[in-house]
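What follows is a set of structures for review.
Both complexes shown next keep chain A, but they swap its partner, so chain B is in the first and chain C is in the second.
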Partner chain A sequence: MDRDSESEYEEEVEEEFEEESGEEMMVDPSPPPFVVKDSGLDNEHFTFINVADIKTEIDNLLSEYEQMFQIPSDDVLRILLQFQWKRDTVQNKWFDSPERILFESGCTPANPSTPPTYPYECPICYCSYEQNDIVLLNCGHGFCKYCFTAHLKQLLKKGQTNPQIRCPQEQCTIKLPSSLIKSFNEPYASQYNTIVVTDYIGQRKNLRWCPGANCPWVIRRDGLLRNVACLCGTKFCFECGGPPHMPVSCELRRKWLERIQADTENLDWITANTKQCPKCRNPIEKNEGCNHMTCRACRHEFCWICLGDWKTHGSSTGGYYSCNRPKNVDLEKKQMSAKARIEYFTHYLDRYVSHQKSHEYAEKQKKNILEKQENYMRHFNCGRKVVEFLADSVDLLVDCRNALMNSYILGFYLAPGVKKDLFEMQQQQLEASTERLSELTEKKVPDTNRQETLDFIGITSKFLHSMLEGMVDSLLVVRTDL
Partner chain B sequence: MNLSQKRLMHEYKELSKNPVPGIAAAPINEKNLYEWEAYIRGPTETPFQTGVFRAVLSFPKDYPMSPPKMKFTSKLFHPNVFPDGNVCISILHPPGDDPMGYESASERWSPVQSVEKILLSVLSMLSEPNCDSPANVDAAKLWRNDRPAFNKKAEECSRLSRQ
Partner chain C sequence: MHPKRRTRPDGQSGADVRKSTPSQSPEKRVSALTVQARQRIMRDIQDIRKNPLQSCLPDFSADSLEQFTVYLEGPKDSIYEEEKFTLRFHFLECYPLDAPIVQFIPPMVPKHEHIYSNGHICLSILGDEWSPALGIRSVVMSILSMLSSSKEKKTPPDDDEYMLEAPSNPQETQWDYHDAEC
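Let's look at the complex of A and B:
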């Protein structure tokens, strides 16, 4: 059968390409300009790279191996893709047997191919073509360029994320060379580049796309910290891509979330917004983030979390702030009794939930901060520069509440020992300082003390960093009796 | 006629000239090449051997770049056939990535595959169910754990298919 509507078919294909190429590709050499702002997190531990630089990194790698192995760049790419960009594996395999690695990577066919005779029948449309209309692969399988293009287009349109695209012939092990894919019209070249770059980033443990919507940045981790604040404003965990949750690891956090989901009865009780004043038994509803409570009826000051007298909490009163350690539980014992286990769990759950709520309040404060800044400027008749501390304080508060919330997961799982003692000391310092910061941020504009707030931003931020950085190593000992 | 219609016409002619033993397949109405019906005789020495099962093949407009869908209209109790009759075998899965990682790309749809290859795969599916990723979990369990009970159900389907 012959084909009378080739040109029509081609036109249709071209048209759709134009539509698609109208959209912005992910490979964007010029990300929007940005302002680096101290986010209260440790951005010196991360480098923000734009995609064009990753592309250059890949090109350098390709030319390095091209020279070392004396093979074309197409083959180098196929080898790197096959072996997850692992330099050691690639080099070892190459020096063991170049023939074998080339075969395993889909560069060379299993059997030598016989050149086709023309006119040649395309195995997809069953039409006959002369040589210049056929795409011939080195496995000997040929396809007319119309079908081949349509096939590739179909793959890319369906969201192909694997850059190793096979020869369409069944059972054939050959992978398409990238130069062939890129020799077709745009957007193939750019789209294929994006797939390769994404694969490269996915295989590198120290690289990750920012999960923020349409964010062009790629983040490289240079240390052990996991909390990233991207230049686009998105905050996330470098390892799991979820919300930032240092100091607890992704695995322990997942375990914890499963556990508290299974235990809704306890959770319902703890998340209730009302408690009684420990002195006069008046019901008290908490509607702000700070845990330093004052009963409206009897003016008694107490801690929302442990219901203890606040006098025993503040460092200013010389008291010892120890609300973060479980009481009445013999922590040194290897095995806790059933009752102790419940008390132990409730202790941490209580504090986790409490900081979670305060975290929500802090987020609310952050949302309304512009309004508060306006009020402050009007009241004190000052400029925009002066009120920056208000935004800084609530930004830091959000990060602290989040860190404290997650620190109670870690505390729950940590086995007793020196490491845990040190951790609880840092947690306690951060908690005390955060409560004070929280109080300061909740003051009405006329009562706001700028200098004291600035001081507490400095102190609290130090405590936050030391707690997070103190807990990054993987040698933490976890309880097994929970 | 566009590419997909030409190809379907070509395949129809080829299948009429060289039919696959045990299978008859053709467009339901020659005016619409995108809807086919197929009659498949159960392979011998299987509990389906007395049955003749009817299925409908629906081709997408971009065939053969995308695979058709296949649905049995006769009741068929089989691990790889959904209770609603849709067939789930690897050759009918679109090319590209396999999110579940069950199948290697070579077993999947590629534009060089054809109706004939699909029907041959269905025949081999009837003889040898694949219970690793079943479409009908009950059928897969029974096939694995209680073959006589499975055979009884299969024979019942075969009997019904001829009515």
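Let's look at the complex of A and C:
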């Protein structure tokens, strides 16, 4: 094939692929300033919101209740802050008794206040002031404006995070109205706004700041998925803020990490790093992510995980990949024996560690991808757009390895049953397809098959999505006998 | 329920005065009280002198305004009756905007659920709930009422653990006040 027809061919492929993936990319009608490729993480389940838009959302909420309750927006804000922005609670309480909710939110004082006489002694600095210099709250407590401003400034300087600021008088239940805070504290007014917005985001279960450094985006979750890829490039779990770890839940992952940390000393971790060739017994250290091993000494091809012949694994050789299921453990028995328990745990641990290593390799590949793309462009004399598939494939590989690694935690905890069977089937599909993808990405530039890689990106991405989406169910049954 | 607490990570320990000298003990810290702070402390002390509090004997002899010592006696009809304690106030530059650092001086520390054996006190008005309208009198009264209402002499459940990691300045500990009494 000469170069011209090669590049033509590639352009065709390019178009086909773009059309295919175009539907998914169209979901977001207003593209963000910089587009990040969807590489296995479902950003259609998340919306990226600007802080300014959150502010507008809050303002709308305030004016809505202002009209509904016919009270000033200061009071609405105090009520919403008091009841964690919960619309139901606020409305129920309001219709029960407006007086009570106003009192509970610190809008009205417990006892009617007596107006102070002037000159008035400020209870902070004990100096006397005329009416002009006194900030009088509706609880009847007054403070000189110098002390009052200094107090607010000091609070904000110390990093106040609670937007409910009390009247300085001892035992007083009144909360300062936001308009007062802002009017007396001009340079800090915007800081107070930020405190309110942060409180709002903190109280909303479906909102979260991106944990990335200096990232301005707020993420809204629209579904049940937890893996977020922020527009700034940070990938994280929506629930715990840690690294993304679907399909396993935050709680099970934490339990698992504690467990393997405790067991590290007892387990022989070298087994995870070196193995002997099943045929010639040469020791082998794995240095790439793919589990399809070829012994350098005897050319025997085998699977790193089960040490079986690779012929029985790869779909290309007519085999069937099924290393994800524990074989020797009798899962039917309700209570496992101690030995069976260790075997069961080791089974999952081996695979977890193996994918963890592969995940690290994939991350390394990702770091070097620019260089590879340059090589590819030089070798095939093609454009930048053509080589994007290389980066895409490695991105997807990283996500798949991560998902597979975490899927073994879930597998460990899942109780046997239909759900687990389904899960293991999905896991198996993804694992087989990931292995193939991994192999494709590890090929040298001249041997790289673009079309095949593109095909596998498509297939693997589908498997990844179906496994992650299939396991967001909260009804997963967890083993209790471990 | 017992108050939980955690030590604030470095750099979040509050006002700049404290940030700049995080490892120094309150005694060693150099602080220049503002004019407002001096006036206010003098008013606080005068106030106590004019209207003495029960079971409280302030030490007016100190030659510095930055520190103020109060000898407390266990309140009448409480489980601490006839016991004697030493309470020390340390005022920061921006008092009363900043809360004073208040702690018992060992070994004169009451055995109380919210008082650690190094003298640190878990009391909301000494931390997040401080307000500049409070003063020496209100702090002493809160501590006395804390002692009066106590029914059992016991150290905080995490006392040992806290001793290992406690910062010299109790304000660098971030307290969670679970107890309305506290």
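Everything below uses one rule, namely that the second predicted complex is superposed on the first by the 439 of 482 C-alpha atoms of A that agree within 3 Å, B and C clash if a C-alpha of one lies under 4 Å from a C-alpha of the other, contacts with A are read in each partner's own complex, and residues count from 1 in each chain.
Just so we're on the same page, a residue touches a chain if its C-beta (ideal position, glycine included) is under 8 Å from a C-beta of that chain, and two chains touch if they have at least 3 such contacts.
Since this is a predicted model, take the numbers as computed values, not measurements.
Student: Mind checking chain B and chain C on superposed chain A, clash or fit?
Tutor: Chain B/chain C on chain A - steric clash.
Student: What is the contact status of A:159 with respect to chain B (first) and chain C (second): first, second, both, or neither?
Tutor: Both partners.
Student: Please work out whether A:232 is in contact with chain B alone, chain C alone, both, or neither, and reply first, second, both or neither.
Tutor: The answer is neither, since A:232 touches no partner chain.
Student: More residues of chain A in touch with chain C or with chain B?
Tutor: Of chain B and chain C, the partner in contact with more residues of chain A is B.
Student: Please work out whether A:445 is in contact with chain B alone, chain C alone, both, or neither, and reply first, second, both or neither.
Tutor: neither
Student: For A:147, select first, second, both or neither according to whether it touches chain B, chain C, the two together, or no partner.
Tutor: In the superposed model, A:147 contacts both chain B and chain C.
Student: Scan A:391 for contacts with chain B and chain C and give back first, second, both or neither.
Tutor: Neither chain B nor chain C is touched by A:391.
Student: What part of chain A is shared between its chain B contacts and its chain C contacts?
Tutor: Shared contact residues on chain A: 123-126, 147, 150-151, 154, 158-159, 162, 166, 168-170.
Student: Residues of chain C touching chain A in their complex?
Tutor: 12, 14-16, 36, 39-40, 43, 94, 96-98, 128-129, 131-134, 138
Student: Name, in rising order, each residue of chain A that touches chain C in their complex.
Tutor: Those residues of chain A that touch chain C are 123-126, 141, 143, 147, 150-151, 154, 157-159, 162, 166, 168-170.
Student: Quick check on the complex: what are the chain B residues that touch chain A?
Tutor: Residues in contact with chain A: 1-3, 6-7, 10, 62, 64-66, 94-97, 105-106, 110-113.
Student: Residue numbers of chain A touching chain B in their complex, please.
Tutor: Per the stated touch rule, the residues are 1, 3, 5, 8-9, 123-127, 146-147, 150-151, 153-155, 158-162, 166, 168-172.
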